[in-house]
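First chain A sits with chain B, and in the next complex the same chain sits with chain C.
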Partner chain A sequence: MSMAATDNTQTPAMAQEGAVTRFLRATEIDSRMLGMIGALLVIWIGFDAASAFVRGGEGLLGGSFLTPRNLWILLVQTSSIAVMTTGMVLIIVMRHIDLSVGSILGFTAVCIGTMQVYWLGPLVGVGHPAIWIITLALGLALGAAIGAFHGSLIAYFGIPSFIVTLGGLIVWRGAAWSVIRGETVAPMDKNFKLIGGGISGITPGSIGAIASWILGLVICAAIVAMIYNGRKQRKRFNFALRPMWAEYVLAVAGCIVVLGVTWVVNAYYWPKGVVDRWAQQTGVTVPPEGMNIAFGYSIPVLIALGIGIAMTFLANRTRFGRYIYAIGGNPEAAELAGINTRKITVLVFALMGMLAAVSASISSARLDSATNALGQFDELYVIAAAVIGGTSLAGGLGTIYGAMLGALVMQSLQSGMTLLNFESATKDMVVGCVLVFAVWIDQVYRRRVK
Partner chain B sequence: MYRKIMTMAAGALVLGLSTLSAEAAGKNICVSWKTFQEERWKTDEAAIKAVVEGAGNKFFSADAQGSAAKQQADIEGLITQGCNVILVVAFDSDAILPAFQAAADAGVKMISYDVLVEHPDALYVTFDNVGVGRLMAKTMLEKGKQEGDFAFIKGDKGDPNATFLFQGIMEVLKPNMDAGKIKNVCETFTDGWKPDAAQKNMEQCLTSVNNKVDAVISENDGMAGGVVAALEAQGLAGSVPVTGQDGDKAALNRVALGTQLVSVWKDSRVLGKAAAEFANMIADGKAAAELPGVGKFSGGAKGVEVNAVLIPPNPVTKDKLNEVIEAGWVSKDEVCAGVAAGSVPACN
Partner chain C sequence: MSKPSHKHPTHVERAGPPLIEMKDISIAFGGIKAVDHASIDLYPGEVVGLLGHNGAGKSTLIKILSGAYRRDHGEIFINGGKVEINNPRDAKALGIETIYQTLALADNVDAAANLYLGRELRTRFGTLDDAAMEAECRKVMGRLNPNFRRFKEPVKELSGGQRQSVAIARAIHFNARILIMDEPTAALGPQETAQVGELIKQLKAEGIGIFLISHDLHDVFDLADRLTVMKNGRVVGTARTSDVDHDEVLGMIIAGKCPPGAVPGPGALQGVAA
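Up next, the complex of A and B:
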């Protein structure tokens, strides 16, 4: 198949291809990702237009969806699920499933909360800077340990992952309840709270305008450098090159997206109440027309982005990552080729557990409390996001960025429907239908490509 | 109706006879729990036991461990053991009816505790659940806001309590809504009563009305936590009153801090104490209809009319925090964490 495809590029058939196909071939953009971005834009524009009819606002089309504020909150709301999908992709690629992530999230969240409020708080003094570091580190270790335990049951005892993690789903939810006997642990440590992106006193959980612009420009430069470097490498190994115009298109489009997002997060300003509190405590006088202090990128979104980049690197550029895809493609062949599939399985589940702990930190910090119900049903959203993002349940296929986009699509639907005051029953039905529809589209696409 | 009066009369007669025959001995008051694994029932049991034994009666209990069949066997066993009054927290209020009938036939008095069992001879002792909604709204009108843009964060759509609460809330707010003083700007159910879901719903609500929210009616404390987190991100926490219920420690702390207006508290010790006192009186021969505060209740699924005592819950606001502390429900340190000195009387 691949040979036929390469042959194709040299035949006159190319001239008969449509402009879109030619563009996609030249830029090597995954057309499925393009489709998903298109769907996302349709959803966003649709919600903005619909909310313009309902109530009106300052959005692009006069609604309240495409406003900096809503988009900023949307990104924060997505971050917890997005972090977990990066791990879930690898698990599904390996032909496994993890149903326990929501419960691990709940359990680690209440453990982190308990350590902060009942143990370390009284011990070293509430608000001590060591508290958030210690509890975060222990929380991550706990999540990884639980994941590794699940992984070893699967790998060394031969229990199917569906069963092990279904058990985990029940066990860890129960464990979360027993740690705090159904109570709510609050408030979280004031430094830890910043991980959630909220405002702790007068310190915002975001990096502000200047740092955001710098970050945006750095990412932009990185994109250009990667494209340049990629071209150089291809030349060195005599690989087919993208046409020059395609390289420019990619670089410019990448930079426009990054700087556009940066502009949006910088266009969301501190609400008046927070500005007043800040002015009061710092002694600054606020001019009568108010002050515009930008939020910039929020910490949970940066965490999610960082993890997305790191996981993409792990999946595509490391031996560990390539082994995962090899096992998913054909477990027997992978094992015969000498890959230690059991060890990889344990490591992947441990990684998943640790990512669930990261999400636990984000969610509990955002809520400023930990409850045993935290993360309930999250496993379903995480799996749904991965599947909407093009991860094949048959194993071997799936990308990190696709899954993260899938998470954004799901959260956009939910946020948008809440914004429009939809009944929650309707919301559930829509999200369920979209999940099935997205997978169907994906199947059709795959068949056509074949 | 005629038949019901006859059964009640017969019951009173039986009771009269049995009190004659067992005048001197202490009575046996028994409880059948649906499941004793939940923390709260232990609190109830301690309260009931204290009152029962304080009156010179004996206390027995059985745990159905979450099984309707075991609970039926438990009650039959308690009847055989010679219980005079049995309090039942029913696991399945329909499946337990035969056991209630058996008890009535044996002349044993039944009290359905917290969970309604629609048997005409049983006394129903519970917190006034519709009243919780009314109390939330009433406190909001009295100590929060009387008018403006209200947001309603309701509980899980599958839980009938979420709807009962909302009925009570609307009953109280309706005059002001009809007069155009109160506007319902957001109203949403919350999956599984989850605080994080409530936070997201509140964020979307604030976005959609551009922060023009004057008050939030949240149906419980957990969700109120999410609501306050969303308000805080917009610098509105403290200026927008929020309701809740359950008497959660974190919520009582928010009440002290001023970010939550009220937590309607259903003190299970008050419920246990009241039920035990009724049990003592019934064991001494008093008819259920003659108990203090008793009324008729027919709000169940089948509409069966039963004698009922509805205990009013306690709306805990900033000025009433001393009550929860004095009751030993929560320590002063927990309530007053982070509270500025002198701002709350209970914390001084």
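Up next, the complex of A and C:
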């Protein structure tokens, strides 16, 4: 500050820059994350404006992107990739890669489907509540086992992860075909279907307006509690505190985002046909002007959020997470510090396999069927989401929330281009270019920060 | 410079069993004998300098002690009792700490995370207690390097001397009985080198035994009570620093020629001694 005061020629520019820098320092917000959120908003607003010309709609700018319906669907579509990318971050942080997640997804999905349709359905009766629990549990165990197997080959046999999982990519896709001989397994169990977020009969795969508001308020309370607790901890050890206004800014901004999203998912209502069917079966009379029943948070989005929170906790607050980052920073040092790096490697790949099985459940439940092609190319989207989200392929660097935001950016592009009637070939080309562009921007950013 | 009063620093009590005794240690990598029937020992409060060319086997020998390598042959005793060291965890459990030449820091995490790497403090819920670790780290670093302020930054942002002090802090913070220092001053300026010297004397006074690997003969003569020279994986000889001079030690390192003041090892040049 004394520099700015003495050097008159530069005062305005420096004071201005100082304000932004000071804001970022005081709130301790990662400026990279702010940039990603900014990019996301630009994409959303741009697509809404563009779709206003192409097709019109009730969106914020007269388009069809920023509507509750589209945003609700966008979140559901993101959840499968978002779940897997939380694991991929940790794998890339450890200087590994997992190319097999799409194939693991396909294989576990057809196994879950086969168990539901051909084994447990006939055995305990179609629609039995035990079916979804047993198949989900077995599916997760299967995914974890496959991941652990890959991890063991990498850790104990010293085969590079690229090769092991490239093999896995081919093997498990073939295995998926073998299980069902190329057929489509359908329909999935009616309870299991709710994991996909769709409406099963008259039961919605989402939690409705009241529960959504309660959940939103609980998350707001948690944000405030975390900020309060963080401040208390810093006081306890006499560390530098954030200024009070920064604490308020963080708390208020966090709550606004949470309540805003809650409002959006509650502004998307059941289609008229479902409302009528629901009224018929429950004996409720629908008033002539119609009835608005809100979807609220859908189950796949809640799963993705829950996994995002759990994985962030794992990465930042546990020894396991600390070791993953330490191994990524310097594998030899981690080994010399007494960390069992092989065990950690196996566990991380097992975790990744399990997350692929979670995504398998979401995807197959959403489609109400399982095919051996399910999840094809997902590994590329998962890796791209992690990289767009700031994960360094050199290892040691990456965040869960960044990767999940990356998944949202990718899905927003896909979804927006669909609304603009882009061909799928064009969409692929754009997404590929955006990936390269995003990584370049990231590198420029990191260099300038240094 | 004043008269080097520290040249023969202290009297070391060698009556009891040695703190560490490595007996007849061998290890081979793909047919090359990196360490060939080497024996060294170390007493409490003693500094033993380990000298030799690059590739003489001194770092390899010491990595067997720190658990980084597993020996093919030989035995290790602590206070006369035989111990098994199969990995770094075993070594640390026995109170053997190492400051590696490469420092072995995880560059992407901060000083506190490196200080506690592998031995993190946890809350009663089993989660990492980062605040407590940072507080403790501030205390330790305050003693070692009072100018150190960069607790929040990943250690790759730190200077060589600062990184070194993190590595040293990690080695001495957990009540080490035996400290291995592999070229501890190679990356340091003169002032920091002097600091490390002071630290070694302080640790010595606390009864800690130190293996000091160094290329710098001055360092070794200043700080070590004894020295052991290795060549081609074998021990040339061991001597008290007061019994030999620079030239004789150079002769040991270069030619493997064991002077009269030293006890010859299996690597000593035969027939030329005395």
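The working rule: the second predicted complex is superposed on the first by the 433 of 450 C-alpha atoms of A that agree within 3 Å, B and C clash if a C-alpha of one lies under 4 Å from a C-alpha of the other, contacts with A are read in each partner's own complex, and residues count from 1 in each chain.
Here, a residue touches a chain if its C-beta (ideal position, glycine included) is under 8 Å from a C-beta of that chain, and two chains touch if they have at least 3 such contacts.
Owing to the predicted nature of the structure, the values given are computational and were not obtained by experimental measurement.
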{"item": "Room on chain A for both chain B and chain C (clash or fit)", "value": "fit"}
{"item": "Chain A as apex of chain B and chain C, Cα-centre angle in degrees (nearest 10)", "value": "120"}
{"item": "Contacts of A:439 with chain B and chain C, given as first, second, both or neither", "value": "neither"}
{"item": "Chain B versus chain C as contact partner of A:317, first or second or both or neither", "value": "second"}
{"item": "Which superposed partner A:251 touches (first chain B, second chain C, both, neither)", "value": "neither"}
{"item": "Touching partner for A:237 - first (chain B), second (chain C), both, neither", "value": "second"}
{"item": "First (chain B), second (chain C), both or neither touched by A:333", "value": "second"}
{"item": "First, second, both or neither for A:374, with chain B first and chain C second", "value": "first"}
{"item": "Overlay on chain A, chain C to chain B nearest C-alpha distance, Å", "value": "39"}
{"item": "Contact footprint of chain A on chain B as seen in their complex", "value": "39, 157, 186-196, 199-201, 203-205, 207-211, 221-222, 225-226, 229, 232-236, 239, 248-251, 253, 337-338"}
{"item": "Chain B partner contacts - residues on chain A that touch it in the complex", "value": "51, 54-55, 57, 64, 67, 69-70, 73, 77, 181-187, 198-199, 270-277, 363, 366-369, 371, 373-377, 414-415, 418-421, 423-425"}
{"item": "Of all residues in chain A, those that touch chain C in their complex", "value": "233-234, 236-239, 313, 316-319, 322, 325-330, 332-340, 396-397"}
{"item": "Residue ranges of chain C in contact with chain A within the complex", "value": "66-68, 87-89, 92, 98, 100, 102-109, 113, 117-120, 122, 126-128, 131-132, 134-135, 154"}
